[in-house]
Structures are given as C-alpha cells and as structure tokens.
Amino acid sequence: MINEFFNPVKELAKGLSIILKNGLKNRVTLKYPEEQEKVRNNFRGKIKYEKDKCIKCGNCIKVCPAAGCISINEYFSIDMSQCIFCGNCVEYCPVNALSHTVEYTLAQSKKDNLILKEEIYGND
Amino acid sequence: MFQEFKTKFNIQKEEFILPDINKFYINKDDLKQVLRFLKETDRYLFETLECIIGKDNTNNALELIYALFSSKYNTKCAVSINIQDDFSVPSVVEIFPCANFDEREIYDLLGVRFINHPKLERILLPSDFEGNPLRKNYKMQDDRLRWNYE
Amino acid sequence: MNNSTLKNTTILNVGPQHPSTHGVLRLKCELNGERIIKIEPIIGYLHRGMEKMAETGSYLQYLPVVDRIDYLSGFFCSFAYLDAIEKLMDIVCPLKALYIRTITMELNRISSHLLWLGCYLMDLGATSPFFYAFIEREKILHIFEKLAGARMMYNYYTLGGVKNDINKELLGEIKVFAGNFNKQLKEFEDLINNNPIFISRTAMIGVLEQETAVNYSVTGANLRASGILKDLRKDFPYLIYKQIEFDIPYKKSGDSYSRYIVRVKEMKESCKIVNQCLDWLYSNIEDLKINLKINTAKIKPEGEAIGQVESPRGLMLCYICADGTNKPSRVKWRTPSFYSVQLINEIAKNYLVSDLMSIFGSLDVIMPEVDR
C-alpha cells in the first residue's frame, strides 16, 4: 500500500533529476543576429552569373522547374521570387557560367529589387 | 494462380504493370461481384484496397484502376474498368470502407459520379469551383508555362 | 435553428488554425456534454496541384519538386519516383550508390520520428523533450548539409545513382553520431516511459482493432502497434535489405501508448542498420562508380510502372503512365496520411474532448501529404 504511493513519486523524481542535469550544460542556441550560422562550402545559395563565359545556348531555361524564372532577351535575368534553389541550372550549364554563393539572407522591401539583371549584349 | 478467376468472369484482356502485377479488364456492371469474389474466397483473400487510380485516356474515355493486396499469399493485383459517354459508376464503400475519400477525390478532379455514396461532395478544391482539372481538355488559366516543347 | 439544438448536442469547431493539428485541418466535432459522438474531418486547405504539375513539364523538371510532397521525408518521395522510372527503362544502380541511398534514408527516418516525438509531447503539455529532440535532429541536418548542399529539400538522387560522392571525414561523423544516439535514447526512455502522468493520459486510449485497421487500409507503425506484422522491407525487399539483419518491433494492444513504444524501438533498429552499412562503406571506399551518367533531360520511356517504399508514416506508392514522349501522361501518389485521417471517426467515439489531441497526435498525420 505504501509502495503504491512511493513508486510514482520515485519515477517523477528520476525525471526531474535528468532535467536538472541537462539544465547545467552549455547553451546550444545562437544569439541571432549577432552570431550567425556558418554554412559549408557547397551550400546552395544565391546564383552568380559570369558574362564572359556565357554562350547563350538556353540550357538553363530548359531544365528550370519554376515557371518564368530565367529568361534571356536583352538582359539575362533571374527572378529570385520564383527560384527554388534546386541547382539544376548550375549543373547543366556546359561552360560553368553559373555558380552558387553562400548568401541566404535575401529579403528586400520592394518586389522589383528581387529580379537580378545583367546585360549580355553590352559594350566590350 | 488466376486461372479459376479468369474462367469464372470470362476475362479477355490482360496486361502487366511493372514489376509483375497483373491487370485485368472487366465490365462496369460486374464490378461489385468481382471485388466481393476476390475478397471472400479462400483461394485469393485480397482484403486490402490500396488505392483507386483515375486516368484520362484521350477521346473522351476514362479508366479506373483498383489496386488490391493479399497478405496471406503476399501478392498484388489490379482490376480496371473503362468508362465512356456515361460517367457514373457503382460505389464500393460497403465492401471496402477506405474508398470513401478516394471516390470523393475522383469526383472532384475527374468528374465521375458514384451511385450510393454516403456523401458525394468536393473535397480538395473549394465548393464553388467549376471544371475538372485532371482532364486533358481543361484550359489552364496561367499564361506563364514552363519551357516544355521538344 | 440547426439540427443539434433539437437533439441536445453541441457542435465544436477545431478550426483550421490550431497549434496541435500539425498543419491546416478542420475537425467538426459533435458533443454530448463532454463525450464525443461524431467527428468529421474537412481537408483541402493545402492543395497545390502536384499531380497536374507533372503533366506540364518533362521528367527532369519534376524531379526537384517531388521532395516537397512530404517535406519531412524528402529522400523517400524521391526514391519512389525514381524507382518507377528505373523499372520502365530497365536500369540497375551500382552497389556503392545503393548503400549510400540506404544510409541517407534511414537517417531521414530517425529525424522524422524525432520531430514527431518532440511535437507529440508538447501537445500533451511537456515542453522539455521538444528541445532535447531538436538538439539531436540538428546534428543529422548538419550531416545532410555537408553531403547534399541543403538542409531539407535535397535534390540529391538522380537516375542511376546519387550526385556527389562521400568521403572518409563524413563517414567518421556519421559513426560518432550513431555511437552516441543509443545513450540519448536511453535518457528519453528514463524520462518518459514510466512517468505516471504520461501513462494515465495515453494507456488504453484510442484503441484500434485489427479488423478496422485492415478495412481502412492502414499501414506502417499504426498497424504494427495493433498486432499485425507487415513491413515492406521484409515482404518485397528493395535496395539491399536482403543482406542486412534487423528486427521489426510490434505490440498487441493497439492504444496510443503502444504506438509510442513501437516508434521509439524503430529508431533503435534504424541505428543498427546504419552501423552495418558503415562497415561495408569503410572497406570499399575506393570504389569509384556512384552513378551511370545518364542524361535525364532526353529520356522517353513507355509503359506503366509502380514504385513503392516504406516511409516513416506507412506505405508510399507512385504510379507513372508513360506514352513515349518526354512528358509523363499521369502520375499518381498514394500517401499514407490520407488514409489515417479517415480513422479519427472510428477510434475517437465515446472518449472525452480532452483526449482528442492525444489520440490524433499519436497517429502521426502530416497535412502536405494529405492534400498534395
């Protein structure tokens, strides 16, 4: 009869001791935005375009899953509001003109600032 | 294994879904008898209905495939019916209760009516939507399509 | 004047915005005092048109989108889609790629179960296990970031193998994680298993009979907690599961407590599988072939095929019908949560309203899988 009372209390005390032991360990969270997460080298972030290497073949448009993301008219432009950061265009470019950087904080206040444009028919 | 089943219901056409699943074509009117036979006889015991697949072949013909699984003999098989011109099919909710949401989804996206279903309403799209999106002649309302011609 | 006031019952709306329903789900409950009489789930708030999207682009353009059908288990959805295409075109992957695929899938199963554990206990009111589970899950996501380049939407499998190779440093990190994991699980069990408050809230609540489970086509851990032993990795083995030794846990009572015990034991078995695959990879690390270099942009298969996989929530199936052009004609997904949502009306009758979340949380339902 006394055992029935003390058994649950013993289990609760064992649980509390585990929590107290974990409470004395080091902090595992980061104080954002003063300390930011350092990502690895092959992280898929914002895309960089190099004008000298591009041969205007159109492979990147053929493999992109998003509708209306990449387009080549007078400018080469990528719409960052539609991009899903999958990496297909980087992988299928035959001359390696596209590559990933490690930036991931890309919020802007106007929607027009999200479209990245580069001239491809400029002055040499 | 399926010899007795094929002679009893007089099945002419049979195909394969990879890997090694038999697919039998039957008439629309025999549907409930065939499913009850496959569920209850000791030789087959297909007691689980895994899913119902609706397909739109062209020329105004639809096809429904019922995928079954038997745990005692560890095999799968499929039963398929062809619908043309008159889009109404008897419902199988009394035999397999899990077909409830499946049949509502096919009514919603393909436009097939099921007779004797307890509550036939739109399930995934809003209730005032017009049209059936999974048909091939449904016109998409967004002009920005992906690059998709060969 | 609606129907309920004539019958002396009340209607309670557990609305689409709720912190405990794991997504957007609406439950319309009819109550008599505090006893539940009938529940009706209303779904469709997260419908994105995944099946129609496959018909407007090619096979390669659909591949990064497949990870998002169930974002907590992206490797499983990718594998089901690629398995169906590989059967249509008669392709066999090299051996090293099969071992890498198995290790990533088992680590993904552990991380999905850890998130379920943290959120289920937070629904019941305990806030500490949520943090402990997420500390462990963060270590797995660091490993995936070094391997595939992203934390959650991987895009790492390709037709005939995997994209990047694995090196010795990364194998060392996985070995360190797998060695520590059993000790952390033992800490979870000491904290939760015999806790009197947890036992009185989950034992003999939400009992699922064997016949109901077979009629409603339930698969996965929900079925094994009711006594029926069925697992796709033993019945129709895929990848390399024939050569690995592991057991399948099951229990006979069918209540919420058994579903919790079965999932914790599954995590231990996954750790065993990871250790065995690591031993093979350490001795064959110089093997160079990881994929068959197939140009996925130019394939044109023909026929019908099914790819199936045992995901953390049940059996997932992908049906592809191809007609010889470069776009699929029909892609259909059979997801396990769609069939678990129908169960809530059968097993929650005659319990109190405060037991509703403890029953629903133990079924492990995820809304993007239900609505696609």
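When the chains are written out, they are named A, B and C in that same order, and each has its own residue count from 1.
The rule is simple: a contact is a pair of C-beta atoms (placed from the backbone, for glycine too) under 8 Å apart; a residue touches a chain by one contact, two chains touch by 3 or more.
Everything quoted here is computed from the prediction, not taken from an experiment.
Student: Going by the touch criterion at the top, tell me which pair is linked by more C-beta contacts: A-C or B-C.
Tutor: Of A-C and B-C, it is B-C that has more C-beta pairs in contact.
Student: Give the label of the chain whose average Cα location is farthest from that of chain A.
Tutor: Looking at centroid distances, B is the chain farthest away.
Student: Centre to centre, by mean C-alpha position, how many angstrom separate chain A and chain B?
Tutor: Centre separation, chain A to chain B: 41 Å.
Student: Could you please state the distance in Å, as a whole number, between where the Cα atoms of chain B are centred and where those of chain C are centred?
Tutor: Once rounded, the distance between the two centres reads 25 Å.
Student: Touching at least two other chains at once: which residues of chain C meet that condition?
Tutor: Within chain C, the residues that touch at least two other chains are 57, 61.
Student: Mind pulling the residue numbers of chain B that touch at least two other chains?
Tutor: 145-146
Student: Give the residues of chain A touching no fewer than two other chains, as numbers and ranges.
Tutor: Chain A, residues with two or more chain partners: 62, 64-65.
Student: Quick check: in the complex, which residue numbers of chain A touch chain C?
Tutor: So the residues of chain A touching chain C come out as 8, 11-12, 14-15, 18-19, 22, 28, 39-40, 42-44, 62-65, 84-88, 91-92, 100.
Student: Which residues of chain C touch chain B in the complex?
Tutor: Interface residues on the chain C side: 43-44, 47, 49, 51-52, 56-58, 61, 87-88, 214-217, 228, 230, 235, 303-306, 315, 317, 319, 321, 325-327, 330, 332, 334, 338-339, 341-342, 371.
Student: Taking the touch rule as given, give the residues of chain B at its contact with chain C in the complex, in rising order.
Tutor: 15, 17-19, 21, 47-51, 53-56, 67, 71, 74, 96-98, 100-101, 122-126, 133-134, 140, 145-146, 148, 150
Student: Residue numbers of chain C touching chain A in their complex, please.
Tutor: 57, 60-65, 128, 132, 135, 138, 145-146, 149-150, 153, 155, 163-164, 187, 190-192, 194-196, 297
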